[in-house]
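Following this message is one structure expressed as structure tokens.
A, B and C are the chain letters, set down in written order, and residue numbers restart from 1 in every chain.
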């Protein structure tokens, strides 16, 4: 008995020591100190953002010997959560030098933790980037983010199915959502396929519609809730309702079903961000059967244009972590100016960059066989430059969670749009009190 | 009549067992398939097993490191929890007095506090520590080693511990600590085993606190890695399933080995 | 009857021995403290102290670090907060539907397994307990896949012709709740079953013999003998399950993400969203967390009163 207990105590002691030992080791490997020239980058998605970061790393390390860039893949939700917990406790231990943040969320961070991010205004030139990105990436006149990918919305569609329904490519150019529904009904009737998928939990399509008219959940100042009298939102919800009632929608509940639907040929179109392209072209058996048109606009709203955005992110430097000068230099030399990097990424991950110069590079001039020879990067780039600029403000996800309930009540329970939006406005204003 | 009743029993239990095991079987099948097939819900084993394993262990996420991290944390947590909780359970029961009973009841209240409420204050607290601060294994372990549930568990089991033996020990000249280590501990093996299973499982599967407390990627535990793998734009389901199966093995193993003790230990906790 | 001593220890019939000990044990008191202080300190520091901190935070409001004192404004806001109310309703629905089903199911299974003559007992027991060893993240991923619109669940049901059209397990507000309830029940029934099994082994089989001779059916035996004798354990597991369900988070977070349209959101998930998904308002989040604490305490007290115990 005694020996058993002794062994147990010894084990515990050994383990306790090893914890302490781990503490020491960890301190060495994670403190991003200025002497060893190490940079840590956090990004989500191993097939897109992380690949981009790796390319940037390769370029920079070649030019700058002695710099070690470490890229860590982490789920976006986890990154957001860690940034919030750390920054709110004024702790920088373990934070990366550079972090990718989605455009919809950025204002939250820049406003909540004003001193935590590095001002990049002197490192990169705002004029080098597409206009609409500058709004989300700046705060109080200073540019904090290095714009990365364009979430330009586009209408990807199956030319063969549309032809079967009696529509040519020219019929798909610069249409309205109302026309889109009409076309969808014909497609359903003649081919039996749904026109698009929709996820009742995801109001992405409403965001596209709002931004196409230069509107958002909040007004220009970024804090005043704008739901009740938001014409674009109202019209958007009307269209949303029509879509759901038209019988042309295939309902899905998550990302994999979304991708599965068009990869399996179950839908005739995908109106969403350009980043979906890499998933579309994975279905190699459908090569040559796809084309890309401008995103439809809201026919009933005068200010709506055939250009909008959904998603997109930018790179930010955490000012109080390690060598922020080195970090900002890294970004400036790669995503900030390097159009060759953009060229490589256009090929590798189908990136539509928001660096203006990228549209002049080689890969952007290519005709893509999958899309019937269309020079899609050219088109996507052109539409990116037309995206109406909007201040995403502080409450995007808060308001959206409120709105999913509102939209459901309108679509499924037949509630009156104006009344429902009025109620949502009140809810959002209460939630926006900070 | 008896035969019908008896066959009903078997049928019902079989159905329940199948429902319980089915997801595991599906997991095992899925880890041999390509991601696409897994999403399609295929029930046919494929030939992708080695490929999935290769991808899993070669991934940048360093799955093997996370197994090692989880293992270290779980074992240390379990050992420390057993020590602290058994001490407490023994102390509250054998040396009963009104004051300590009241304290015990207050401690029980701690079981009713949702972790969501403690997250941020705990985080802030640990961010101020110089030693055992954030991002250390200690930070992950310390808040978890004293759970009221485990103390309650040990206390309940101690009730059926024959107090006369303690008297005998005292008469023999043993001091209180020796009584604990030489008499109590050996007698309560089943209790310790059951408690070990519960604690190990809870620590191994813990998600939220390690997520918040750990910062460096190389310290991540298994649930964090699985979560990251599952939230990419196009997750490789075959690989994820392989990861989940491997992640479940230690807890399943611990349970299998300690089964008998487990039930005996639970029995002790409900004896009057 | 050994089981009648039950789980309550306060009114235990051991006064004599107790008195005897206290006469000798003025000395032993310090050992009492020695053994219990570590746990008291740890729980005090890492549960109660943060709780007090959280309460102070709940009296503040603001974005991220910019918190300012607002008194009980956060608590007042709870009454007009639509999403909060929905999350409470959802959480209570899970509680009222899932816990009783699971407890009854676990009881029933354990009674069946308690039969001496049952073959393959170990297999059944292990199989039914197995779900408890999976991590919440892991099984959520699995359930999400199995219950998706094109998933295996629907495929099987369609093939067996039990359905004509696939059920929208995750995209329908009604079915999504059912999916969550199925998931939780699958995961935790075995856990409760083990407790009951242990308790059942304490019951003297001669009681059942006597009852059978008196002509009682199995059903009657179940309700008049088994349930009353297991009352303390049932109470214990019910309180634990209630506490667990009121704090429900991982499943909802990973399987339905609270959707569709907040149809499955729970209070814990709302707290998470308030802290991390939206503009972080840690003050309000703290206030919401206190509502869970209050609910748990109130419900537990009610359950104890109803069962006739006082704790």
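Here are some notes:
Simple rule for what comes next: contacts are C-beta pairs under 8 Å (C-beta built on N, C-alpha and C of every residue); 3 or more make two chains touch, one makes a residue touch a chain.
Everything numeric here is computed off the predicted structure, so don't read it as measured data.
Distance from the centre of chain C peaks at A, each centre being the average of the chain's Cα atoms.
Contact counts per chain pair peak at B-C.
Separation between the centroids of chain B and chain C, computed from CA atoms only, is 16 Å.
Remark: chain A and chain B have CA centroids separated by 37 Å (rounded to whole angstrom). Counting only residues that touch two or more partner chains, chain C has 150, 275, 282. Taken residue by residue, chain B touches two or more other chains at 39, 119-120, 124, 227, 230, whereas all remaining positions touch fewer. Multi-chain contact residues of chain A (touching two or more other chains) are listed as 77, 81, 85, 88, 90, 256, 260.
Chain contact summary for the complex, chain B toward chain C: residues 5, 9, 12-14, 16-21, 23-24, 26-27, 38-41, 43, 84-85, 87-88, 90-92, 94-97, 100-101, 103, 105, 107-122, 124-125, 142-143, 145-146, 148-149, 151, 155-156, 159, 163, 176, 180, 201, 204-205, 207-208, 222-223, 226-227, 230, 237, 240, 244, 247-248, 251-252, 255-256, 259, 262-263, 266-267, 269-272. Considering their complex, residues 61-66, 77, 80-83, 86, 144, 148-150, 168, 170-171, 173, 256-263, 273, 275-282 of chain C touch chain A. Residues of chain B touching chain A in their complex: 39, 60-61, 72, 75-76, 79-80, 83, 119-120, 123-124, 127, 131-138, 141, 181-182, 185-186, 211-212, 214-219, 224, 227-228, 230-235. Touching chain B in their complex are the following residues of chain A: 1-2, 5, 8, 11-12, 15-16, 18-20, 22-23, 26, 29-30, 44-48, 50, 71-78, 81-82, 85-86, 88-91, 93-95, 255-256, 259-260, 279. Per the touch definition, chain C reaches chain B in the complex via residues 2-7, 9-10, 12, 17-18, 21-22, 25, 28-29, 31-36, 38-40, 42-43, 46-51, 53-54, 57, 109, 112-113, 115, 118, 122-139, 141-143, 145-146, 150-152, 155, 186, 190, 194-195, 197-199, 201-202, 218, 232-233, 240, 243, 246-247, 249-250, 268, 271-272, 275, 282, 285-286, 289-290, 292-293, 296-297, 300, 311.
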